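Two complexes follow with chain A in common, the first pairing it with chain B and the second with chain C.
Up next, the complex of A and B:
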């Protein structure tokens, strides 16, 4: 007769228990993120907060900055417009430069190719923040200091290596045969790129576009350093100034302005979080 | 071909190559807000050695980089990657997405979240938690433990970098290995220690190298949350550089301080190229028509 073999409770439930423990730990370490973002949303719509995080009474009073500008601050819509111009221009410039550059590095064979690719990688890893002093001087002598144009050119330039790398990846996935076919049909290299290849890398353009838009939208250090007059402020400097003035005093105002500022970020986060985990990581530092 | 490369090359030359050279040249001048080129030789570097702030700054930088890296950018990142790959993909993906949120949030807003969390009154998250859990009175964290705030704030952003890289590395481990460990009755810890960790050691090394450099040169969140204070207790090298140049308007000295970062940047970049399988990434193109 077979010997009866009994599993202990622990042996039977081992996998389930392990998973339950793991999920509990995940919840605990993720709690600070969830709570702080929940606070950001709740506090902006409430008159007061109980225990700091439970809303008491619904109000739109905190959002008054949208129709009545805060004393000593530029009107919010001008600041909003500046931010939009900055983000869209960075996006346009970066997409333009990288759909060209990425193609060259993906498809052409030339003497400097390897050097250029190495340069792209080195710049990508390089701390551009250490160049602020020199960049200040360059903007100063070219008359671009205190202008959005200066920040746009600068921001786009420093992100081009990242964009090229992403676009090159998308170009690399297109089979060579597509290109051969176009060339055999009598297109020039530029025509093939424009008419045949470019439509095929639309997802790449979307990725590069969205990320450069968000990065332009969020830019803080360059604006803070190279923009001096309030008329050229963007939302990041606006929020920073408000934090300076209303810190610990009016969290309602602080959270509403912040929430207003991060709307594009949230929209993107909700709709495109699949791309997020795959692409973003190679692009940012910190 | 020039047509394709020209826009990128021009922009990157003006705003990247030129500044690198210029930083080097500026570091030998005593340039201030009048923007005059008065060369002073290596005076800035001599000043740097004699600067009484430097020892504080170096100590702060070390504490900041070491603890953020160890606890968050490596520790938490690894924990998140291991945990989220053990549970189902849907739940794991959910947690990973949430951890991406801080990285995506504009820095000023993210800074505000931590300013609230460490609010000195019993309105802030940490003080509420302390009160509810231990019944302790509110504490003024920005005064008592500013470095803790800085490490935590940077860490919650930094952890997602390693998390993503480790996750994709763990997912690419052949399932047979994991099954084998499981059939042998290996516990979760056993599998992690004997199978997973040895197979992602390159990624761990890469994240360590890359994030050390990132942390050394980052000051954005510190600038927003404490601005180096109180009394320089969170003043790190990159922030000191920034303050020297744009608060004290000592551009020459700022450039010299920057050169230290540039030097570290160049050396690390060369090391990456040498060690991290660069050849595979730059395979030659297969067709050639014109060039």
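Up next, the complex of A and C:
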């Protein structure tokens, strides 16, 4: 006769119960965030919110800023364009600087290399807001105050150190032998870098690019401090202006503009998912 | 086709002397193996030949040209790496044609050539695949094709077989040798595997600690090791070593110790004058020792106890304990002696190697 193993209820259901518990905890934690987004979406398409939370009637009135100018505010598409220019420029500058800088720090042995690596990390850890006054003087002297160029250069220079670390981590994983092979196969070091090494660090370029785009897209402090004229507003200042409007706060408008502001971020994340996962798996090495 | 001449080459990394004053020559069309344990400087030497490392001092000539300052891409070499170092983002076809594109050739000019070499190496059906989609042995062939397609004047291989499984390694060993033979290309082959070096190479340079211990053809390396290191490194199972002293007994010369009395043959005797002191190390290969079940007359036999038998199929290794020393003896004969019983070992006097205990150099050098 086969011996029967008697299992307690707990032993049989253990995995399912643990899973249920974990999921409930996660739901409770994420609920406030999820509700915020749900409220944002509902409010932007509703004329009013009953008790502040229940949508009343569907409307596109809140989205009117897309096709006509709101009094007292610059046209949304100019603001959108400014934001896009800022984000893309920061991204361009950062990618350009990090693919070169990361390679140098990963591949070349030179004096003070270690020191440089550490300094770069420390600089990145600096809260940039503490530099505001000093930066103001620099921008003033260089005549870049109240220009998008000034903010772009500033933002890029603060993002690049971190990007270099990320890129260095990706370069570190490419074996020397592949580079040697390229040299022996008849190419110069620069050509090998361009034809062999760069294609292999594409995920790294994507990661650095995505993060710098998003940080440019969501930049607020520097824009708010150094940009004065409405012509160079970006979406973050636009949203802030609506919140801080002295006449009255149009919540419908606020929600729809906020939503409009988030959309590119979400689109970017959807496309960039696989690359962002890569950075977690590969990590970065010193 | 060209010859290689390396003169007093040194390569230091900081304080580490990776290659410490070596000189050697590879003749046109010759197959030269650089053999040594890991970290002995053989790969550094190869990379210096390739131009990837710059020599700290010394000269490298390809033919009559001093190439010290010539860039790797201008040296016209083909190279195969231990990890194959294929370009992961390119197809097999693109990998093989990559060196030709460097010269600015168009696809219509080299297409036939790529197909030809791929066919020759048996990878014609894999041209559209990525390196990650083919097996290790196939990757190896792609690496060979990539190295050979531009018809280099020098062929450099860095442990090309060590990532393959044992069966494939034996197969590729013969194939690379055949390929080299067909192309008559000057080849430098780095390996830590003595079997690869002995079976493939025309000549072998044995490395240790950044220095060359001996250069010679496989027969010389195996049968006339210049020093203790080469004697220890070459041969499997390794040579037996016995510390002894040279003595004259009853008109004959012997190397003796507490348990051994090894006769020195007449051919070896004249070389004894090279010794600084009578203290020597006697080396004898396992196949040069014969085991007898009984003590026979007129033979200088050494008595021992049969310790362990290791069967190898065709051969058997008998481990004989003499005093504290274990002698390994390899033979095709099957003894009818049980482990733990008394046996007698006879040394082939012509095959005995004698090294100075102080300098570790062979007296026949």
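Note that the second predicted complex is superposed on the first by the 238 of 286 C-alpha atoms of A that agree within 3 Å, B and C clash if a C-alpha of one lies under 4 Å from a C-alpha of the other, contacts with A are read in each partner's own complex, and residues count from 1 in each chain.
Please note the rule applied: a contact is a pair of C-beta atoms (placed from the backbone, for glycine too) under 8 Å apart; a residue touches a chain by one contact, two chains touch by 3 or more.
Treat the numbers as computed from the prediction; the structure is a model and nothing was measured.
Undergrad: Once both complexes are superposed via chain A, do chain B and chain C end up clashing or fitting?
TA: fit
Undergrad: When the two structures are laid over each other on chain A, which of chain B and chain C touches more residues of chain A?
TA: B
Undergrad: Examine A:156 and indicate which partner it touches, taking first as chain B and second as chain C; both and neither are also allowed.
TA: first
Undergrad: So, A:251: does it touch chain B (first), chain C (second), both, or neither?
TA: first
Undergrad: Looking at the overlay, does A:61 come into contact with chain B only (first), chain C only (second), both, or neither?
TA: A:61: touches no partner chain.
Undergrad: Looking at the overlay, does A:175 come into contact with chain B only (first), chain C only (second), both, or neither?
TA: In the superposition, A:175 touches chain C alone.
Undergrad: Have a look at where A:183 lands relative to chain B and chain C in the superposition and call it first, second, both or neither.
TA: Once the two structures are laid over each other on A, A:183 reaches both partners.
Undergrad: Taking the C-alpha centre of chain A as the vertex, compute the angle to the C-alpha centres of chain B and chain C, in steps of 10 degrees.
TA: 100
Undergrad: Looking at A:199, would you say it contacts chain B, chain C, both, or neither? Reply first, second, both or neither.
TA: After superposition on chain A, A:199 lies in contact with chain C alone.
Undergrad: If you stack the two complexes on chain A, which partner ends up touching A:13: first (chain B), second (chain C), both, or neither?
TA: Neither chain B nor chain C is touched by A:13.
Undergrad: Determine the nearest approach in Å between the Cα atoms of chain B and those of chain C after overlaying the two structures.
TA: 6
Undergrad: Which chain A residues contact chain B in one complex and chain C in the other?
TA: Shared contact residues on chain A (touching chain B in one complex, chain C in the other): 180, 183.
Undergrad: Across the complex, what residues on chain C touch chain A?
TA: 47, 50-52, 71-73, 75, 77-79, 81-83, 85-89, 98-99, 102-103, 146-147, 150, 156
Undergrad: Which stretch or stretches of chain A touch chain C in the complex?
TA: Within the complex, chain A touches chain C at residues 175, 177-178, 180-188, 191, 196, 199-200.
Undergrad: Give the list of chain B residues in touch with chain A in this complex.
TA: Touching chain A: residues 1, 3-9, 11-12, 14-16, 18-20, 22-23, 26, 31, 35, 76, 79-80, 83-84, 86-87, 91, 93, 95-109, 111-117, 119-125, 128, 132, 154, 156-158, 160-161, 164-165, 167, 187-188, 210, 213-214, 216-221, 223-224, 238, 241-242, 245-246, 251, 254-255, 258, 261-262, 264-266, 268-270, 272-273, 278, 281-282, 284-291 of chain B.
Undergrad: Touching residues of chain A toward chain B in the complex: what are they?
TA: Touching chain B: residues 14, 18-19, 22-23, 25-26, 29-30, 32-37, 39-40, 49, 51-53, 93, 96-98, 100-101, 103-104, 106-110, 113-114, 116-118, 121-123, 125-138, 140, 153-154, 156-158, 160-161, 164, 176, 179-180, 183, 189-190, 193, 214, 217-218, 220-221, 225, 235-236, 239-240, 243, 247-248, 251, 254-255, 258, 261-262, 265, 268-269, 273, 276-277, 280-281, 284-286 of chain A.
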